[in-house]
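Contents: one structure, followed by commentary.
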Amino acid sequence: MDEKTLIAKRVALELRDARLVNLGIGLPTLVARHLPAGTNVFFQSENGIIGMEPVPEEGLENADLSDAGGSPIGAVPGAASFDSAVSFGLIRGGHLDVTVLGGLQVDEEGRLANWMVPGRMVPGMGGAMDLVSGAKRVIVAMQHSAKGESKIVKRCTLPLTSVRRVDLVVTDLAVLEPTDAGLVLKETAPGVSVAQVLAATGCELIVPATVPAMPIDA
Amino acid sequence: MDEKTLIAKRVALELRDARLVNLGIGLPTLVARHLPAGTNVFFQSENGIIGMEPVPEEGLENADLSDAGGSPIGAVPGAASFDSAVSFGLIRGGHLDVTVLGGLQVDEEGRLANWMVPGRMVPGMGGAMDLVSGAKRVIVAMQHSAKGESKIVKRCTLPLTSVRRVDLVVTDLAVLEPTDAGLVLKETAPGVSVAQVLAATGCELIVPATVPAMPIDA
Amino acid sequence: MSKVRKLEDAVAAIPDGAVLMIGGFMGVGTPPRLIDELIRQNKRGLTVIANDTARPTVGIGKLVAGRHVARVIASHIGTNPETQRQMIAGETEVELVPQGTLAERVRAGGFGLGGILTPTGVGTVVADGKRTVELDGRTFLLETPLKADFALILAKRADYYGNLEYALTARNFNPLMAMAAETVIVEAEDIVPVGMIPPDHVVTPNVLVDVLVAKEARHG
Amino acid sequence: MSKVRKLEDAVAAIPDGAVLMIGGFMGVGTPPRLIDELIRQNKRGLTVIANDTARPTVGIGKLVAGRHVARVIASHIGTNPETQRQMIAGETEVELVPQGTLAERVRAGGFGLGGILTPTGVGTVVADGKRTVELDGRTFLLETPLKADFALILAKRADYYGNLEYALTARNFNPLMAMAAETVIVEAEDIVPVGMIPPDHVVTPNVLVDVLVAKEARHG
């Protein structure tokens, strides 16, 4: 299993009791493919729909039905569409159970940077700041490192997405939970040792006496 | 013609170029019956519809279609219904061309009191404060006096509805226009002299050299 | 998985002293069975956030007349002499809020805003004790969000998931309140299979709705 | 009395330097004929308020690529390298606004609010230069209303009066912007007789709409 699939599968386990979930563009989108049996969530697309699903087959694309990236989607029976204020009212008003977002950096205090690299990448924050500030539960799904540098850092050097502490960070090496005391190492990826995680991490981690492996079949 | 009809007919002349109009409960409601030919306005009811009209005949009342007083209404073809936030967004956002409201007092500065008599009548302001603060044009339609006392006063003794100056006051005796300098006597009712208006008014009026009679056939 | 509950059970979950938002405008859009069941179960000390208290024999007016309400936040009580009497006698606390401000405060609660700025009420008794904010030479009142423990909603149609449609002026505060309460209880005239309400006609999305109660067939 | 105008005349009323709100999300819900006509008439120095600038060959992206735009207020320009290039080169002024805040600022403009308080952006670069308000121990940003000279709207159906319906995710910012501009120009896929859109299905009421332009039949 590749690293992205591993991350997606692990994140999917967090959606068991969720009713409304928003998946960011990119890696987070993979999560929808790996929901455990019995999961019964609605996926929101922040451009204005609850109940998005992939286009069921080629040729069924509809010009008025797209995801937040502008790509064609389908909709489940019982879907609902609405304007951008309602869409973000759902997000900002605490009606969104879980948001899964990609990340550039997460720091020791559990704060996320994921929207800008000054001077190099200026995409705009889109809905990311609203999602992190407003969702009931924020899960960051990302690679542990990029270009040999850890994305788990002592303090974010990139502009923050929000000062709100995220709830869980799932990487290809570990599951980390931000707490008042710092980042707690909750799980390691199958075949990865605690020492390997620590070596790949740019800040201190709190390591409990036992750290289970992710409950994912390899 | 009775006094209320006179007032309603005079106010109706102000609606010629309006697109969206809100009529308060009571006397203002009469205005709709006296629109000049060619007037093409939509009436809003602030409980959530544009395009209200009277129930066309007995027996056609619908339990889901009422005015702001809870009484049954009809709806013209091309009507639109919406929630209370949109309804007041139309009012507060400057989309309402004219509101016609009853009054308890109007003062020299053109400020209206129409929602409360402390210790005696506590109905609540309903939509009145929003209507006076938000409509493009505010017309007060009321009797000039009540129980022998003028309702046009130097300074409102009753709680204000808004500090916004109203645009026109139409009574059974006169049409008054609030200005920076004070209340200007624009018209007198048919058969009423300027002296009669002044005698029935509780503050100074600015009286132009000529004061025409209301352009209403008696 | 169904959200449909018996009327009795749906209302039993509401404790004495709860903060309720109740839809409706002079009774139109107020869920009648839910009101009657609150009275039958003799709930006490309720806070009611609603546009008005209708008349003593209509909708929310019945709750007031039956002394189930300790506090009212509304824009209008003028058609209910009993609410006025209880207010003047100090038996029931009444906060009067301009209608548009009430709509925005409920919406702010549901939409996660910390507050809104409005010119409505500036320089009137409504401004007493409130913060004002100056912006570009204009003065605004800072009005704060309202939230509730329960919202009692009347819908025209619901599907099994809880997607809602409303009818004409019975819509009023209902969709706003469905966003602003911890638990949303809906009385629906019709409950239909999933897929019968097209996405563009859904006004309240299903994820907001917790409990559905069927409105009995109407007489006549 | 009809609001239907020729495309050319509808767009001719827009002067160089105008402030435009344009509906759409990555091009979906953006009025294509109005965009193309703005380009054909070579409007210059426009301010565009919109969710994003799509791609250089799509929707609002075409306006940016053709150098018709002096200023952009949007939540996202990441899919349009040309907007990013112009921003970094200082050729086009870009204000980035969180999407939910953008929606609320447009709504505040149309609904007559003086501003709204939001936690989104607190402690980030978005807060630079903005007022904050403390309420009940929480910190909020005070975000101000946006208004425009013109709103360019895409509707699925309009009736002759200008009542509008939208389709699925092509709705997005369109109904909000239709409230927030001095003049509202609508491109509608279908224009139908009055009475064909039931009151409960009208999303934008006719009184908000000034000009209707028919969308040509689509190829395919």
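Letters A, B, C and D mark the chains as written, and numbering starts fresh at 1 in each.
To be clear about the criterion, a residue touches a chain if its C-beta (ideal position, glycine included) is under 8 Å from a C-beta of that chain, and two chains touch if they have at least 3 such contacts.
Quick caveat, the model's predicted, so the values are computed rather than measured.
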{"item": "Chains touching both chain C and chain D", "value": "A, B"}
{"item": "Pair exhibiting more inter-chain C-beta contacts, A-C or A-D", "value": "A-D"}
{"item": "Whole-Å gap between the CA centroids of chain A and chain B", "value": "55"}
{"item": "Between chain D and chain B, distance of the C-alpha-averaged centres to the nearest whole Å", "value": "35"}
{"item": "Gap in Å, rounded to a whole number, between the CA centres of chain D and chain A", "value": "29"}
{"item": "Of all residues in chain A, the ones touching two or more other chains", "value": "49, 75, 81-82, 85, 88-89, 91-92, 134"}
{"item": "Where chain C touches two or more other chains, by residue", "value": "104, 107, 111-113, 118-119, 166-168, 171, 199-200"}
{"item": "All touching chain pairs, where touch follows the definition stated at the start", "value": "A-C, A-D, B-C, B-D, C-D"}
{"item": "Contacting residues of chain B [partner chain D, same complex]", "value": "19-20, 40, 42, 49-51, 75, 77-82, 85, 88-95, 134"}
{"item": "Chain C to chain B touching residues, read off their complex", "value": "25-29, 51-52, 54-55, 58, 74-79, 84, 87-88, 94, 96, 98-104, 106-107, 118-126, 156, 166-176, 203"}
{"item": "Chain A residues touching chain D - in the complex, by the definition given at the top", "value": "45-49, 62-70, 75, 81-85, 87-89, 91-92, 116, 119, 121-130, 133-134, 159-164"}
{"item": "Residue ranges of chain C touching chain D (in the complex, touch as defined)", "value": "104, 108, 111-119, 133, 135, 138, 140, 142, 144, 165-168, 171, 199-201"}
{"item": "Residue numbers on chain C that touch chain A, as the complex places them", "value": "1, 107, 109-113, 159-161, 163, 179-180, 194-195, 199-200, 202, 205-208"}
